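Each of the two complexes below includes chain A, the first together with chain B, the second together with chain C.
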Partner chain A sequence: MSNVIEIEDYSWKYVNTRTPAIEGINLTVEEGSFVGIIGPNGAGKTTLAYSMDGLIPGQYNGIKKGTVEVFGTEVEDYAKGELQQLVGVVFSDPEAQFTAMTVEDELVFGMENIGLSVPEIRDRLEWVTELTELSHLLMKPPYEISGGQKQRVALAAVLAMRPKILILDEPTSMLDPVSRGRIFEVLAKLKAEENNTIIVIEHSLENLIPLADQMVLMADGSILLQDETQAFFQQSKLLLDKGLYPPGAMHFFHELKMKNYYQGKYPLTVTEGIDLLREIKGF
Partner chain B sequence: MNKTLLGYVPNESPIYSVHPFVKLFFLLIVSLFPMFVTAPDWNIGLMFIIIILMWISRVNMKTLKIYVPVAISMGTIIFISYTVLGGTHPEFELLARVWGINFYWERVRDALVVYFRILPMIFTMVFFLSTSRERDIIVAMRSVKVPFVITYVFAMALRSAGMVLEDFQIVRQAEQARGFDPAGKSLPYKIRQYVMYMIPLFALSLRRSEEFTNALVARGYAFTGEFSKVKRADYILTHYSYKYFDYIFIALIGITFIALLIFRYGFGYFLVEQSWLMGILYGAVS
Partner chain C sequence: MTEKAPYIQVIDLDFEYPDGTQALKDINLEIVKGEFIALIGQNGSGKTTLSKCLNGLYKPTAGDIIVDGLNTKKSSIVQMVKRVGYVFQNPDHQLFNSNCWDEIAYGPRNIQLSDEEVKERVEEAIQVVGLPKIYHSEHPFFLSKGLRQRVAIASILALRPHVIIVDEPTTGQDMKQSLEIMDFLQDLNDKHGHTIIIITHDMPIVGLYARRVIAMAQARIMADGPTREVFTQAEVLEKTFLAPPQITQLAQADPKLGFDPGTLTVDEMLAQFMKMN
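So, the complex of A and B:
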């Protein structure tokens, strides 16, 4: 697998701030991989996401050091709008990213911008509304639907542009557990069927872990840990130190380990936990 | 029910069969009618026609009640401006003198003329806003090849207005949740408090602008033009097509307007001097 994103010694300091928002970042993302980025608030996750989409330095003033390459080209070297065709971003506040008066207008806006023809827009619209189960909402104003539906609209609007890399910046931070689950269902479908490269910044680990191939922990503008998901979560102590509470099953086994009742690897999901308990108990 | 700019109109309303451009054309042309008509009789007639159109379009007529205070206060302001504040005119016919204020027939007549010119214009606007969604305005503008960037800025302005109102509600509720209650307080106090609302509202607007710009850039939009240099496919317009009755409506509105101009300037119709309503009123007050 080739690398679609390569970040080397990257630092970004916003204008009129004393310290860099992110510093010394080295990160590579393989094509088709699902990367989860976690970390406390203020860790620099959003800055990193914006850097990968060219919003930084395009829309913000600041000082950049190092390189951020997407498909082998530095983000600044892409023509206006060209990078956005390759990298799609879904922001945390769905309402803030709505640019149109109906859900349908919202979904086709990006496709019109990249110059697709009417038949192609129609095909993609059908595909994306089926994927995100939005067909019944097409004529509704996007700001009048539920929070979960809004975030699915925001996701669908980006998906319709068929970006090769999809970045979601805390897409479920404003959603209830059911709506959160539905967003991740869509992401699971994308991972299974479309082979997109997906980068998700998220606090909800229960939903993220089953999908993520690779995890990144950020704090204070730096990457503290980066590894494959299974290996990543074996560092429970570091995660807990950073105030990130692993999912229940993992936490349970961590506590067992602390009390010397268990010595193996932590399970990532409840199902894995049950299987592990079965193994231990022998039933 | 479909939400329109001023309320809700049932899905079954015949207004949805009409192309959005026809509605916009109606607004732009028919609201000009009263400017060429000084006889209130005709303008009142126009108001009745618009009410009938609203009824046919199944607009909830109860919503019109909210305009009654507006109509009354507007009428009062116009009447006071023309009579109490109208000055002294010895050449005019004096109807009455109350507390040193002269009430002239000509000034009362002119106040009524102005009032009944403005009212049908408002009725036309209310009809349009009651039967149109934001999308209809955008479609109407794009269907006559108004450049995308203009229609888009217009759409964003509509959307921003809604967002500012929503934010205002949030800020107000936050103030109330902390025990602030302006009920019963003096007007200067209320004004001072409204200034206080403006600060968080302004900060929120700035943040929203940043988020909105990011969203536009992330969707590949730049106001300098489409990066792909490919003709922009206006997908939404594919949902709308002109039907034979749309052309009939456009022709009717256009012909009526031309006829109005011909009758007004060619034959001297629609003048206040010919108004039977004014004749009756004059007979009653003089």
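So, the complex of A and C:
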């Protein structure tokens, strides 16, 4: 499979700060893969995300070193607006991206802006409102709906543009566990049916882990660990040292291992954890 | 032991927004001093509306809320803010002064305390939340979210309310920061005797800190009791579209494995495992 993103020796320093926000980043993302990026706040996760859709260096002043290539082209070499059709970013603060007076206008705005035909807009609107379960909110003003609903609108507005690469910055921070699960179901569907490349920055690992092919750990502006999900989480000690708590089942088996009660792999889900416990107990 | 009189009593509360949305229905609740409560439920289940009723910001459409002997319907905002403080989900929605000190002083000034008293209250609140001195004259927006949240809590503490309601204290925080904020709330509860109510979606946090859980769905209370008991009521939880923390799910999965279905934390699970082996 081909790489859709190739980042080499990349550093970015915002103009007003003394030290780079991110430094020495090397990262490749394969087409159709699902990548989870985790790390403490201030690790540089959002800066990295902005770098992949050209917001950095386009909208920010600073100093760039190294290369960030998307579909083989350096981000600055894209014509204005071109890269944003390939890469869609869902921000952690949904209000930051709202401009319209109704949810429907919000969803249509981007599509009109890139000159889609009315029938095409109608088709995509129908597809995206069904996928994100927003049909009943179309006529509401975006500022009148709940935080969780805002996050779904923000996701839908980006999906409507049908970007090949989707970057989500803490897309479920305001959601209850059920709505959170629903967003990840949408992402699973996009991965399976549309072959989108999906990059998710998340603190909540429970939903992320079963979907992610690759995981990246960032701290203090660098990538500390990057691996396939199963192998990645075998490094639980490093994660805990960085203040990142694995989900309960994994955390429990990590503690068992530390106390020499267990030697095997860590479970990624509750179901795997139950099976392992039964194995240990001999039934 | 003598029965403690409730500090807050909610009696047959209904609340309807002006557009006709029924946000709360048949709410009955008693809260005694010193509790640590988690209010959980899906988005839109009525958690935030209930909080805003408890601090008198919203008045009941039907029924009554009695706080410290005062009916919220007949009490002024000034009377209520001294008893129940509400910290917004997003600290940026409540911070508006150009430096932290003034932000915290705003409430005390607003209830017309003398300059001396205002100073005393602010210094006290700053000390409790542990806001380093270098930040006192800083603009709140230059602080990290964790520190902004502390300023937001300090501005509520300066009014010396007994009950402190914090709406989603851990949203957008990494685990380390979440534990710091929660440890701080636990201190307010243990050492300063405040009654704490958190509104949260974070079930592991509920398992670690809350002694009582009130679970809401569709404007009603579906379950109310000690955390351990509520998390073992699978059918009720299903109605609220919530699931207990992963570690509790693991403990409950198979009775033959012999774990207490009311297990709340990894440490509790581990202690049981070691006992068995």
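In this text, the second predicted complex is superposed on the first by the 282 of 283 C-alpha atoms of A that agree within 3 Å, B and C clash if a C-alpha of one lies under 4 Å from a C-alpha of the other, contacts with A are read in each partner's own complex, and residues count from 1 in each chain.
What we mean here is this: a residue touches a chain if its C-beta (ideal position, glycine included) is under 8 Å from a C-beta of that chain, and two chains touch if they have at least 3 such contacts.
Treat the numbers as computed from the prediction; the structure is a model and nothing was measured.
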item: Partner chain in contact with A:I183 - chain B first, chain C second, else both or neither; value: neither
item: First, second, both or neither for A:L27, with chain B first and chain C second; value: neither
item: Which of chain B and chain C A:V118 touches, first, second, both or neither; value: first
item: Touching partner for A:L55 - first (chain B), second (chain C), both, neither; value: first
item: Touching partner for A:A212 - first (chain B), second (chain C), both, neither; value: neither
item: Chain B versus chain C as contact partner of A:T102, first or second or both or neither; value: first
item: Partner chain(s) touched by A:I199 [first = chain B, second = chain C, both, neither]; value: neither
item: Partner chain(s) touched by A:L155 [first = chain B, second = chain C, both, neither]; value: neither
item: Touching partner for A:L277 - first (chain B), second (chain C), both, neither; value: second
item: Residues of chain A that lie at the interface with chain B and also at the interface with chain C; value: none
item: Chain B residues touching chain A - in the complex, by the definition given at the top; value: 2-3, 133-135, 138, 155-156, 158-159, 162-163, 166, 208, 210-222, 224, 226-236, 238
item: Interfacial residue positions of chain A with respect to chain B in the complex; value: 50, 53-55, 58-59, 79-82, 84-85, 88-89, 91, 93, 96-102, 104-105, 108-118, 121-122, 125, 139, 141, 143-144, 157-158, 161
item: Contacting residues of chain A [partner chain C, same complex]; value: 39-42, 92, 146-149, 170, 173-180, 203, 206, 243-245, 247-249, 251-252, 255-256, 259, 261, 270, 273-274, 277-278, 281, 283
item: Contact set on chain C toward chain A in their complex; value: 41-44, 89, 144-146, 168, 171-177, 201, 203-204, 241-243, 245-250, 253-254, 256-257, 266, 269-270, 273-274, 277
